[in-house]
């Protein structure tokens, strides 16, 4: 069975696993004060080319979103997100669980438009009943988005400008950050550090067993963020678990190298499917490809390849998600080519 | 100055105030166990023609919505509402403050459509990732809606049917219930008791100084609802304050009589405006009328009459809200006629 | 039946009710922007002899505590209170409902000791695991306490000093503030304004139907406190309800005058009981008197006078609470004298 | 440097790490539906000798406590714990963060007494203001306690009896469950399944990198517990991470074997210290030993051995915590012997 179902159905990248294995016998400090967490943070700062970047390691995406959002907002503040955003739909209400409303704006292929955001904020500040509303305090976007699309540097700059004009924090969910960076010709970690307030570098979907590295870009981590992490149940006693993994991912450029491989595989996958006449639901430059497949074909195809049912396209066709990862091989795609 | 700005810029209806005044010297039990609260509850049960109705008295609308929703939902459950719903926008995130997501569906002139609700729930139960979503547990609608419109009996029945099909609680916000009942030819309190799980009878906007009477329709009040009210800071030490007021409002049919007066005034207002060539943003049968007025005209009109700026209609016109209440007089409308 | 059961089983003081009655027909602005709320706030500022005092009117005690505490704390901060404090026990978890821990220190006749507070904070700041603990952000005390006792000016000053030394906000629950001010020879509103960060002046138990006036003492109201009030369901649409009442209470020194009357009655009650040989559970200078009464005597006494069972003293005696208020009369006490 | 600082400053037990390493290349289902999680759950059920046991795998202790407590309580319910309990102090308010009060009873060497619990509940149900209090819904205890002590089977049975008498859920925090089971002559997993409602088997401190296995003992997992886990940010995308580890820990009796080793080491440590004349703060039969050491001696000792400063004993002595784990060796203790 060829697996193109997700980018988290495998174990860790071999280099990551080996680093875990090799360091396993050492004694370290706990709660993230270990040497490996320190090294990982320094390497991430270096990759960000910023000494003002503050790095914290958490475990998973929903946890990271809920903790960062709650940590940076006042109790009465809300976060603005695309209606397709992960925090809007797929987090079981984790943001609301800490008391914050998610204000959903219409997404465009998964992306929030700067102009929509500006319109919303202008409406808000001019609305006579604005003090009766949840106060917008943050904008949440994903890079890449949940639909595999990417913001251009200009689109991100424009959104950040709106945020700055209206005093909003810009938070970028980077659960698949590596794949976004590898697919973008413009956006890099140093660039991101200058164009948002906080983002995270996803590990779970890019070669780690678990782990997301939050980067506050300008010494703007909330006071007592360690305690905030603990309060959210997000503090690992053995912080080395994420420390060692990010130490490996940010050694020898591993994180970007394996991300680029996944993008190469995705582009080859796209070509294969295009060549076979498949249509795409969305034009994605990243490792998630959304393909329109006749319902009958879905069933026969599934005997050979695993992918995700995204939802119905129309009564006769389904939107199917194919995902590559650092672990996808040419052999996988060769096999796919045969069964298409 | 003619006042058509809101239905809560006056004091209490004279009969309500007089009852407060007359009973002021009596000693009563506290926390809602007083004689007047008891009488009010019995009178409301009687108006509902239901012995299974359980009545609780709270203070204000947002408080009541937050308390009822939190009281009836499990922690992981969400409430579905129209995107124009009061809980969706105008409650400063009070529902989210107790951890519950508001799932917003597109409203149609302020109303939720049963078919949209059914579509959403069918999507939900068939979605493979549904366990990763906030679980819908309740539907919230307003009668009348925030835009002054009314559900027909058939529309309400259809929504309740969807709720029952999918195990959802139906909650009706009746902040302006009196005006809805007075304007509807179909919906009555006894009818409502058979077509939803919980609703409230708004006092604040229909003649009281404060107070909303929650009615659980079939002995389905959450266990420990008294404690839930207390936990929400919604328990009055002098429960008599709301008890006495509802006792007055539900004596001699006062609540419906004054509501009908407001509707009569609203219909006369509508005629006046129509006769003068004004257009309406929405066709409202209740006490809130949304009128499209050229921006320049707004300014001159405001010298004589108070109304609310609802928002821009287009670059040259504004949507203005005119509201009648139990206190609106023919003299008010005569004066308005002159300045139109 | 003589009523000494509570200070909130009556209606409003006649002057308060009359002001409500007299102003009932006027049209006012809503949500607390009315003339009477403005007047009340100015009169309270004047009584506080402080232009830096910011006043907000809420409805009830638990609501006020939960709103002020949540409004002034960061999400990860806790409030320190005596283990007999109202927020510790009698608010159904309303403080925790907005996510904040109540750290309970041993009370001494209802009072928190400055030295205990200092010991706790010194332990806290020196504890190596302090970042794993809820961070103390506020101290909550009651004046008078839940047991009727009063802090001396020195005790309050000492507590405030500890708060300032450790960066804690000092919040004083004044549900019975009037009775405290009337009983104290040292503490006044102007004095309080210089010795805490925020307090409230209770109306519900001192002559109003409902209402508590929060005073931030040095222009330190949290940003967007109006929205915070709304989010807590604590915003009255007809804000005049509390505005008119506090306008009356702070006219002609009414608030203090009626409080003093209650204290006079309480002292006479205390003398009566002492003369009859009753012992007291606690030596209270305020309007709540805690009397130790043999269980059998309780039953016979209850035929003539209403009071509260506070709890068992030992197997043969009960602690009973007798409460005077602005409404207690000499006739009440004369009657009591006969039945004792 | 000899390390007796904690039981989580090392990596995983070699068998656990090897299982992670060996299975790393396999593709599995995500979110805990993988083969290894299934195997782990079955092995735990078998170790519990109960088909009615429902097992869920989470990541860390605070997270597990917050998720289980929130999942099993209604919004208005509180959890009762010893004042030394982990949830009472060392979780940064994580329980309160989801709205639940922790009611603290005096602990006795870390343990809750059944008689204290019964007294509290009898007071509660007889208190006339009980509906104004947070409603007790659960009892939380730790096995072993935070002070290393153990409940006897009789003590646990008595507590469970009180819980059943008053309708309370009994939850046992087993962050160090293995060490408790190894030290107890009475309590086993099958026994626990019959004497509480839910407990967890700690992995992080007993050989795993992370992971706690929650066991609902009688098919009593809350409805939608998967969604509750997700809402708490506690769901791992690569659920295999905990699955593989518990699969290893519950193969060949590894979990108990390594726990017993730690207890053997702890008893040898205790003998060594006793022989050298050290006094103990508490008599602990488990892997945490609390030793009273003169302040001066602490400084010299720390040059050779790492331990934790628990807090001051008196002005001249400190309470120091020495912890053994599965990784402690005879060589460690031989070295310690020399430096004592």
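For clarity, chains are labelled A, B, C and D in written order, and residue numbers in each chain start from 1.
Everything below uses one rule, namely that a residue touches a chain if its C-beta (ideal position, glycine included) is under 8 Å from a C-beta of that chain, and two chains touch if they have at least 3 such contacts.
No experiment lies behind these values; they were computed from the predicted model shown.
Of the two chain pairs shown, A-C and B-C, the one joined by more C-beta contacts is B-C. Of all chains, the one whose CA centroid is most distant from that of chain A is C. Separation between the centroids of chain B and chain C, computed from CA atoms only, is 33 Å.
Each chain gets one centre point, the mean of its Cα atoms, and the points for chain A and chain B are 41 Å apart. Mean C-alpha positions place chain A and chain C at a centre distance of 50 Å. Of all residues in chain A, those touching 2 or more other chains are 75-76, 91-93, 97-99, 131-135, 227-228, 230-231, listed in ascending order. Chain A meets chain C in the complex at residues 70-71, 74-76, 98-99, 131-135, 223-224, 226-228, 230-231. Across the complex, chain A meets chain D through its residues 3, 6, 8-12, 14, 17, 20-21, 23-30, 59-64, 66-67, 91-94, 97-98, 204-205, 209-210, 227-228, 230-238, 240-241. Interface of chain B with chain A (complex): residues 75-76, 78, 89-93, 96-102, 104, 123, 127-129, 131-135, 308-309, 311.
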